[in-house]
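Here chain A shows up in two complexes: once beside chain B, once beside chain C.
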Partner chain A sequence: MPPLAALALPSLSPELLSFFATHGIVSVEDFLIRDIYQLPGLRAADSDKLRKAVTEVLAFLENGHASWRNGWDLFNNLEHNIRFLPTGYDSLDSLLQGGLREGTVTELVGASSCGKTQLCMQVSAHVAVRFGAMVAYIDTSNSFSSERLEQMLNDLLNSQREVEKTGAFMQALKNIVCYRAFDVYSMLILLQKLNTSIENHSQKTHSGRLRLIVVDSVSSVISPILGGNISQGHTLMMSIGQILKKLAVDNSIAVLTTNHTVTGESGNFKPALGESWKSVPHVRLLLRREIADGIYVASLTKHSSQACTKEAAFSIGRSGLQANVNHE
Partner chain B sequence: MHILYVRGGSKILKRALREEDAQSPRYSTQGGRKGWVGMEEMQAWVCPDETARAMLGRVLGHRLPSLAPTPPLHRLSLRPGHVVEIVGPSGCAKSEILIQAAVTCILPREWKGVTFGGSEGLVMMFDLDCRFDILRLVHVLQCRINEVTVRHASQDKEESSSLPTTQPSQLTVATVEDTNELFKACLKRFYHKCCYNSFEFLATLKTIRPQLQRMVEDHEKALQLVLIDSIGAYYWLDRACQSTLPVASDSYRTLSLQVVFEAVVRELRQILQTHPFLLIASKGTIFSSSTRDNPGNRDLAHFGQKEYPERLCEVALNQEFSNEQFRYRTTTEKPSKQTEKMSHREYMPAVWQGFVTHRIVLQRAHGSASEVTYAVDKTLIIKAQWERPFLRQVDKFIIEEGFIKLI
Partner chain C sequence: MDSLTLPLPSSLRSKLLEAGFANTSAFQHLTPLQLARDANISHQEALAILKTVSWMNCADQYSKEEDILSSAKTAWDLLCYEKSRKKLRTCCSELDTVLGGGFKPKELTEICGVPGVGKTQLGMQLSINVQIPSEFGGLGGQAVYIDTEGSFMVERALQMAESMIDYLKYATSSCESTVGLGMSLNVDTFLSHIFYYRVYDCTEQLAVVNSLEEFLKEHREVRLIVIDSVTFHFRQDFQDWALRTRLLNGMAQKLMGLAQKHDVVVVLVNQVTTKTNGEIVPALGESWSHTCTNRLILSWSNGCRQVHIFKSPSLPAATASFAVSADGIRDVESSKRIKLCTISSP
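Now for the complex of A and B:
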């Protein structure tokens, strides 16, 4: 947060600023952590000026943040403005009450080759084609494949006539923007840039609006910095979690992240990002692969509004996730 | 035989002793002489203020119903001014308990002759985790309203079954409209705000007064419940926070977790002075169970948990002679030695710990929450135990549709 002087509020006179400075109040943070009215050495004549200045600073801060909203407004907003982005596979959509919800962070947890990246790419393709919306795909492990995306888009657009198909295909490809970040700092910079660019260009209502951010995988940039006795890694991890949530909640964007698994102490698998990270995603889907069968199962392990008792089985074909051929 | 409860007993004793030292005869039937204690005066001293029966009547008569009577918070009577902390790992229904408490608070006590058992107050939720889902609140609210109206309707049916039923369909339509109106009114009493860091949270706390004034005037209802989900959300961020600005003077206080929470507690206390409310905060355990066992870790949670007789007395006094508590104490069989004290690792600064008056610990009944279990947990059973004040009983509950049910 900025220094108080940078706010350029008329009531913050140079005398008052220097009075604050003698008490060590320079930035907005300092202002917030102190009880301003209890500062010693304030002349009675200045107390009115001080009160005015405090009110003005607080009003300034209040403007910068979202205001209190009542439950009825939140409910109406959800009914009218929030969409569920379908994943392109019906069983999974019904598991998720209709798909990835805008304004939430969904996480896929699973060992490698469990279909995490496939699901990420499929959702991106569907959002780009069906909604004509922008997708930011942040690739941290070089797993994004444009050939695979091309296959998926081709199969999605198969029903359309040849003339329209090429245009739609090109448009969909344009809509998916792939960024690469291989360490936590470049990832933070990238997310910050994304946040400021969204704030500056208020989102257009229909096409061209950013609706989905995919981070595949978030754990591969974070897990190298975790561990040891230094808490710096956790701070960076939570900073990434915080900005992902901010992007999602403030701009009604669906965020999809992936988290790989590691072997825990007792030989069981556990997510690479542990207890602290659990407070980040709204929805957590656990992916597993049945041995040798080519069957994948997604089970819900955390959801902000429904019980976690359901599963969906699928297999992965040319066009992406599909119903399990062997069983259905 | 009567047991008398006398106020100011020590004062009487001191004065009586002093009189004894002075001279005899100690008692005079006339009384009123300087330095002498009159018999009537003495009798007035030892005369009981009230009998236990009268006191019980007085205490119970003044007792308001608990603001959060839903399980697992049902064992204690929670009132404005209390600060409850719900501790547990992820996936232990912490947010669910907050939502249940909110729904109880926003529901009216009575609506068009139907008893809903709520307290019709305002609820404010600081969503520090940004994971509040309005759908869940709506679902829980609808379940509660439905349950009550269905029960009420069936009661009506029983009462009117002797009479010929005239127009049952019209009656149900009216109830649906009524419940929609009720639903809307309830939701409007719930206020929510997302915060992304501690300073935003602090700014919200500092600017809350005019907002609160407006809300109270709009609804003509008092703020009863404040929820924080979850208070430890910015632990890692605040631990690292430092001021980048040059140190200006000696009185400069560097930013730290401690300083941030001092400010949070101070602001909350100030708001509590003008608007008494019940504060319920959830707190996730950010350290997994494996790190908890490290020998180097200070396990503050274990501290002061040993059950001394004094502690039990303190617990009994805290209950304010509530007869339910005594019933619990006598009827529940003594737990076996294996009954573990559910522990967790404390990580919040002491200033917050001192602010908390009640603490309940949650845990999954079986399996470790941190491991990936490949079997879908169809019956998630959660254990709950009060740590402050310490109660032996471990409640087990499940979440079924929109309700928390004890098992």
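Now for the complex of A and C:
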């Protein structure tokens, strides 16, 4: 909780604050757990001021907390405001009940070269074209390739007439903004700046609002600091998770992250970042690749609103994810 | 800004959070003495914290003016850059084709393969090729070669440099306007523009990577960093696997930052290991395999050397064959005469 001084309430005069400080009351938390009226050493003349200050702080806190919402409100919000962003591949969309849901965090887990980055770029391309919305792509492993994105967009816009195509193509690319962060601190700062500028941005410009944040990958900035005897790495990891969720919920943004796999005790692959990160994504998709026949399989391992038994197979071609040719 | 993001020791951080300083705005108008009292820390510590905060705020103020959504690089900007950038060629046209024109600046590329398949040869060839002057369509840069195994042979580099110069002279001799360019090349400059580090243990290796930032600031011409091999020391002396993973991942993130900032090609050579089922896979395990942008696997096939693109965000999986001749890395059929570069007309 913030320090009392940061509330900037008129009744909290410097004298009163320093009086509190002598009793070890600095933050709002200290203020709440101590019995203010029983503090020794208060002059009788000041007791009025004190009473006024206490009422004002309590009133401030009363107004400050978030208002209650009931289930009906939430349901209405879901019906009218929340959309599902299509991934651009139908079987995957039906696996996810329509795509990436705004306000939630979806995570792709998989071994290296199993299509995580390809899927990230494909979703970005689709969101930029279909919704004309902005996409923030945070790249932590130098794997964002605009040349690859160009290929995907070219096929996506193929049905349009030549004249419109060039414009639409350029607009789509301009809708995707890219950031690079190679350590966890720059990542945190970046996310916080995003948080502040999203509000300003939507008022200023006429282009579509930000609907998707892609973080590819979360694990590469966190794995250098996680583990051993350092508990700080864990704290930083969870604060990244917290900010991502906050960004998603406050602004109805779909967040897509990727995570890599590590070898577990039994020699099987398991998602990296451990047990506590597991609670961050709302939806977790496990990707794997059958090297022999070039088939990729996505299976649902966590979903907040449906059973996780389904799988979708695909292959990756020039235009991105496509139905597996052998299967049909 | 959240206090969590301040670069402070964790003990101080937790004291600050305990005293309610969760946001940097809480530090405004605070004297060191007040902070020391409120957060129950020493006067010096308080002073250091306030300095850090005000420094961070300055940096923040500077960027606060522009909203980071509209000032960021868009995919369009990046596409324009990617289209215009020159790539580092390998002297093997088949390999260049599958790589989409060569090794790309700003990316980490890992080369894996069994001993003797040509990993070091490729690394050395790249250190020569990066120096091809821009008039010849090259990058015109310099190279940093970090050798952990002692496999860099300067005689071999000399051979490669000589045949490269011969080729460049031959290429220019046909065209009058560029004859002079070919004549000005000599072996000494080629060799003196390879900065060579020999490292003897993993601590040294990490130290060199950490000091590269400074080095690159002084040597702005450097366009290639080769680490041959990234594996060697990390395979020998490690008990704690989790620590190894952390160190390696940290190193890779540093290299990515460098590659991005200084526009260099980073090539990491990796060894291979045999799994229990006899399958040959790149060393350093699963979590390392995520770190590199591109992974090339070198192997033997019917007495011929092959490169397989195993992982790349921008290139489809493909295979190309190459040869190692006296001149260096070359095409298989015509290992003598190569179509290396086109001379840009002035």
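The rule we apply is simple: the second predicted complex is superposed on the first by the 272 of 328 C-alpha atoms of A that agree within 3 Å, B and C clash if a C-alpha of one lies under 4 Å from a C-alpha of the other, contacts with A are read in each partner's own complex, and residues count from 1 in each chain.
Note that a contact is a pair of C-beta atoms (placed from the backbone, for glycine too) under 8 Å apart; a residue touches a chain by one contact, two chains touch by 3 or more.
Quantities reported herein were computed from a predicted structural model and do not represent experimental measurements.
Student: According to the stated criteria, A:S239 is in contact with first (chain B), second (chain C), both, or neither; which is it?
Tutor: After superposing on A, A:S239 lies in contact with both chain B and chain C.
Student: Between chain B and chain C, whom does A:A21 touch in the aligned arrangement: first, second, both, or neither?
Tutor: Touch status of A:A21: both partners.
Student: With both complexes overlaid on chain A, does A:F314 touch chain B (first), chain C (second), both or neither?
Tutor: A:F314 sits against neither chain B nor chain C.
Student: If you stack the two complexes on chain A, which partner ends up touching A:M134: first (chain B), second (chain C), both, or neither?
Tutor: After superposition on chain A, A:M134 lies in contact with chain C alone.
Student: Touch check for A:P3: first (chain B), second (chain C), both, or neither?
Tutor: both
Student: Looking at the overlay, what does A:F182 touch: chain B (first), chain C (second), both, or neither?
Tutor: Once the two structures are laid over each other on A, A:F182 reaches chain C alone.
Student: Touch test for A:I225: chain B only (first), chain C only (second), both, or neither?
Tutor: In the superposition, A:I225 touches chain C alone.
Student: Can A:K278 be said to touch chain B (first), chain C (second), both, or neither?
Tutor: first
Student: After superposition on the shared chain, which partner residues are touched by A:T261: those of chain B (first), chain C (second), both, or neither?
Tutor: So A:T261 meets both chain B and chain C here.
Student: Residue by residue on chain A, keep only those touching chain B in one complex and chain C in the other, then list them.
Tutor: Dual-contact residues (chain A): 1, 3, 21, 26-30, 231-232, 235, 239, 261, 269.
Student: Looking at the complex, which residues from chain A come into contact with chain C?
Tutor: Touch list, chain A to chain C: 1-3, 5-6, 21, 26-30, 111-113, 117-118, 121, 134, 136-137, 140-150, 170, 173-180, 182-183, 185, 188-190, 192-194, 197-198, 200-201, 204-205, 210, 217, 219-221, 223-228, 230-232, 235-236, 239, 260-263, 269, 272, 294, 318.
Student: Taking the touch rule as given, give the residues of chain C at its contact with chain A in the complex, in rising order.
Tutor: Checking each residue of chain C against chain A gives 1-2, 4-5, 7, 10, 13, 19-23, 25-26, 30, 37-39, 63, 67-70, 72-76, 78-79, 82-83, 100, 106-108, 242-243, 245-247, 249-250, 252-254, 256-257, 259-260, 285-287, 289-291, 293, 295, 310-311, 313-314, 316-317.
Student: Show which residues of chain B lie in contact with chain A when the two form their complex.
Tutor: 89-91, 95, 106, 124, 129-139, 184, 186-197, 199-200, 202-204, 206-207, 211, 215, 230, 233-234, 236-237, 239-241, 243, 245, 247-249, 251-253, 255, 259-260, 262-263, 266, 284-288, 290, 370-372, 374, 376-378, 380, 399
Student: Please output the residues of chain A touching chain B within their complex, sorted ascending.
Tutor: Counting only chain A, the residues touching chain B are 1, 3, 21-24, 26-30, 32-35, 58-59, 61-62, 65-72, 74-75, 78, 109, 231-232, 234-235, 237-239, 242, 245-246, 249, 261, 264-266, 268-271, 274-276, 278-279, 282, 286, 288, 299-302, 304-305, 307-311.
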